[in-house]
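Single-structure report; data block below.
Labels run A, B, C and D following the written order; every chain starts at residue 1.
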């Protein structure tokens, strides 16, 4: 089998999530394939190239989703596509989040920015089988409320577990005085500050807790250090790394992270595995 | 599909870039067919220099003040503006002038320099923002094709930006620097020519200009060790890089 | 990989002429590749008769594995645009081929590439060529100043037992021929003196005398830990700034470097796009660039990636990334030497 | 009435024509070459002989080979080096293929659209196909030998760094042979165009030697019988600066304005043309002594035939021997004059004992033609003074284009 060969996918629905971010609902001929939360596809277009993109929803009713930010050559091109257009994918690739290990435990989901996208299938998995897990918390931070993704799903999520939301800044401060909290139109309360500030809000037994962290590497670094201080084992902390990738199957070498192939051995790693490696920030 | 509107502008140079489009054998028919030529002095009588342009290609070094003013106007009227050729990309050959006192050079050519209005030669990105660089003197076919086909397919172009050595090795040439001791500029020069000079048994003279991550000083040090004189090293780094920091930096090590 | 079936591995002494004339008789069915002399350099090229071969070569700039099995540049797909897009998969060219005179370092390098391209994910292009390629290895008796294969166990005599088809050792006017695969046994079932204990002893003697010719060595014990302790050692910074050109020659000549790029090139009529695979290099600035930054922005970090991928990072495949062929030292325009960098680090630890 | 042709399109480089018509008479006609100077002669000082050809090649994107060859001849001359016959032969092949390429582009892309009432070659599909075919064949000659057709790299002082193999040469020749019919077709097509009438009193100027159509060396000959060796050059010619133009103007002392280029060459050395080219000239009734500058186009078409046929013959005798020789670097002065596509090209250099340039001088074809372009324009305007402005402007532009000027070269 030639794993470099892409297949056509059709954009069933397209939804603008935030500034420069859209969610693509896709369908392909080779459905259903099975994918795990945290895995990714190589998504692209002939003549433009390919980029690794995580599933933001696994296959349901013959569709799956990707949430993509226009960041460079490939993603900017995808940003220009419309509903009904075709694009090309291949995958799924990589190791996902160890959801089975989380069963029976307290689950901390911590996301920064676009990092919520790869965690969304985890959330959906938990919602489907809520009973399998102990307490669940979602801590989610973004630059400002305009960059918050999936806000229309917060309601459903909150029915099952608490959400803690953080913003670096407010996009339109209505008063000059510095504030610690802000509410948006729908009544969601945002803390102004860093994601790490929110760690105090969760009550856990460290030995029975597992954490899935996804976001910019520097944010993951501080979150993981915070979690270690709370007493969670580094082997129970999971992070998802981003590296440049061309093949997705541990051949092209771009994603090598000190002997590890992020595409094959990751992108989800235990913090223990990747902590302190050179050329990384963790 | 509407044809993209193309403008071609020439400043101080040999006009070879505009000609390269005609030398562009395999693609010339499609280029003529797929683009609407709005302005191209060498190909088209009349034409509209005021745009707007979907794509503007600018060749040549900026050596007179009016050129910079005109260039800024073109920038405003163009969705995409590419520098084409070493002159526009990094000053090219005309920038050799900036290695010596300006008046000296000028008075060597004209007895009466009162009618001359030259300014210090610079690449076009000294004055405006550029969307991409089609390197080479003459510009490499691959990058030129990439630029034009990217406009046609509405994506960002992916230009080559590794060293000439990469192409040299892909071709399987025996390295003329290591094996024959020729002062090859390939290791610091941007690829795109297909390692032409080493394939023709000679050292690269950097006509594609410095690559982004070039380490000029390190190569200058190597040349020094090979026994090249200070002057020879200086000449190698200023033939096509007189207006570039990457190559100018190499001259610092010659001071001591 | 080859050599799975049970066969009678034989060891024979074969006169060189009869070996070469057997090769010539195979030229009709197989494409032959081997070392040839070009302007006082040796390079692996396609040959048409065994007369072109130059078997006493020292080293070549490019390794046979990265020329004829993993191709430096190849087209993988074509996308045809014509009311919708059709994908044309270009099947790997699978002519039967024989590579002659592959030194132990390069044979080991091919075994290393196998780990990448025929590991859990198989690359069909590589796999097809690998299966259709017979490898005739040649124990090395011509040590170059930059060779250090003896330090990393990949030469000068080949120790691997499978993954190639035949091993030759130069016995003057004869070759000691050791058959390693069934197909080699069938093709080279030739008359010759059966080699026994005595010949093996001669072979060992030759090996020992070759071993004495090495001038470059590297102590491998504790290398992994040594590097991990010294990720911020000044040697990275000063070697990178003073000497490294970021020209990528090291990576391209390295027989085990496997990184590649996928490049799309569209025709000007927009009807067709080729997806091309081409060697890529970690010394290139763009190689590790991601949104918002580059994990190896610094030249020193890129140089360190190359060196440690060869001498450290054994977590990847459990073996060293280097086969000690010395090519990266020879063909680096400024002669950066990874063994010397290791020595410098070791020395500074001792001094402390 | 002031008439300004702000820029002359479809020529190489930048220039404009300005004149006034007052009381039915012409005043103040000026060819203003405002192509900005790049000061090659200035910054060549201090550069070493081995980089000079690569640098001067960038004077012009259409005739780089001419600048390279002329500088090489002149530098070799300065160092007392004599190239082998084989080197000279390959240099001639390079020159011929480049002249053909330059003429082909000029005829099809620059000149032809006027005669077909178009602004640009786009739309002339049959012609474009022929253009591409012809150009590919001749560029292939330059490209195979030089490494690339534009700014070739294998030509250096001392010879060629690499010469294509016999097989490669064979392929190039084959391709050339295939376009011979297209070359003849070009002559027919160009001869049939409807040229404006104009009689001028220009003095033709070209290189001539015995038994061959002089390109890279020869004696300077004028239509009125002047004969001069290279060493006498400065006795006859002088270069002057013009306040309104960045190009200098070269004059032949005491003579009419000179014209160089294809028409001048045919006039001076018609007999040395390749027989096939002479046949082509006869076929269309071309006569020497024709002083209508517009007919330069016809001369160019005939030269294309010459170049292709001679290229084929020379290529078939390449021997691959003595294609590179080492030079002893010496102090000295040297000069050389050759036929570029547009006419005479002179380079002269003074070198120090390291081979570093102390002084450089370059005189390009357009500098010779400068004065006669102006004079011909004056005559043209006077003869057509009652024509509507647009028509007059077009006639002027067509005339300038017919000379095939290279402003980039002239202001170097």
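One rule holds in what follows: contacts are C-beta pairs under 8 Å (C-beta built on N, C-alpha and C of every residue); 3 or more make two chains touch, one makes a residue touch a chain.
Fair warning: this is a prediction, and the values are worked out from it, not measured in the lab.
More C-beta pairs touch across the B-D interface than across any other pair of chains.
In this assembly, the chain whose C-alpha centre lies farthest from subunit A is D. In terms of their C-alpha centroids, the spacing between subunit A and subunit D amounts to 65 Å. Once the centre of each chain is set as its mean CA position, subunit A and subunit C turn out to be 39 Å apart. Centre-to-centre separation of subunit B and subunit D, using mean CA positions: 25 Å.
Separating the CA-averaged centres of subunit A and subunit B is a span of 42 Å. Under the contact definition stated at the top, the residues of subunit C that touch 2 or more other chains are 264, 266.
Shared contact sites, meaning residues of subunit A that touch two or more other chains, fall at 47-49, 72. The set of subunit B residues touching two or more other chains comprises 149, 153, 158. Of all possible chain pairs, those that touch are A-B, A-C, B-C, B-D.
If you check the complex, the residues on subunit A that touch subunit C are 1-6, 8, 46-50, 69, 71-72, 86, 88, 216, 242-244, 246-247, 249-254, 256-261, 264, 278-280.
By the touch criterion given at the top, residues 10-20, 22-23, 25, 28-29, 32, 37, 41-47, 61, 63-64, 67, 92-94, 96-97, 99-100, 104-112, 115-116, 118, 121, 137-138, 193, 196-197, 199-202, 205, 207, 231-232, 235, 239 of subunit B touch subunit D in their complex. Interface of subunit A with subunit B (complex): residues 47-49, 72-73, 76-77, 80. Across the complex, subunit D meets subunit B through its residues 7, 9-14, 35-43, 45-48, 51, 54-55, 58-62, 64, 105, 109-110, 113-114, 119-122, 128-129, 132, 135-136, 139, 147-151, 153-154, 156, 161-162, 241, 243, 246, 356, 397, 408. Those residues of subunit C that touch subunit B in the complex are listed here as 38-39, 41, 43, 61-62, 67, 72-73, 241-249, 252-253, 263-270, 278-279, 281, 283-286, 299, 330-334.
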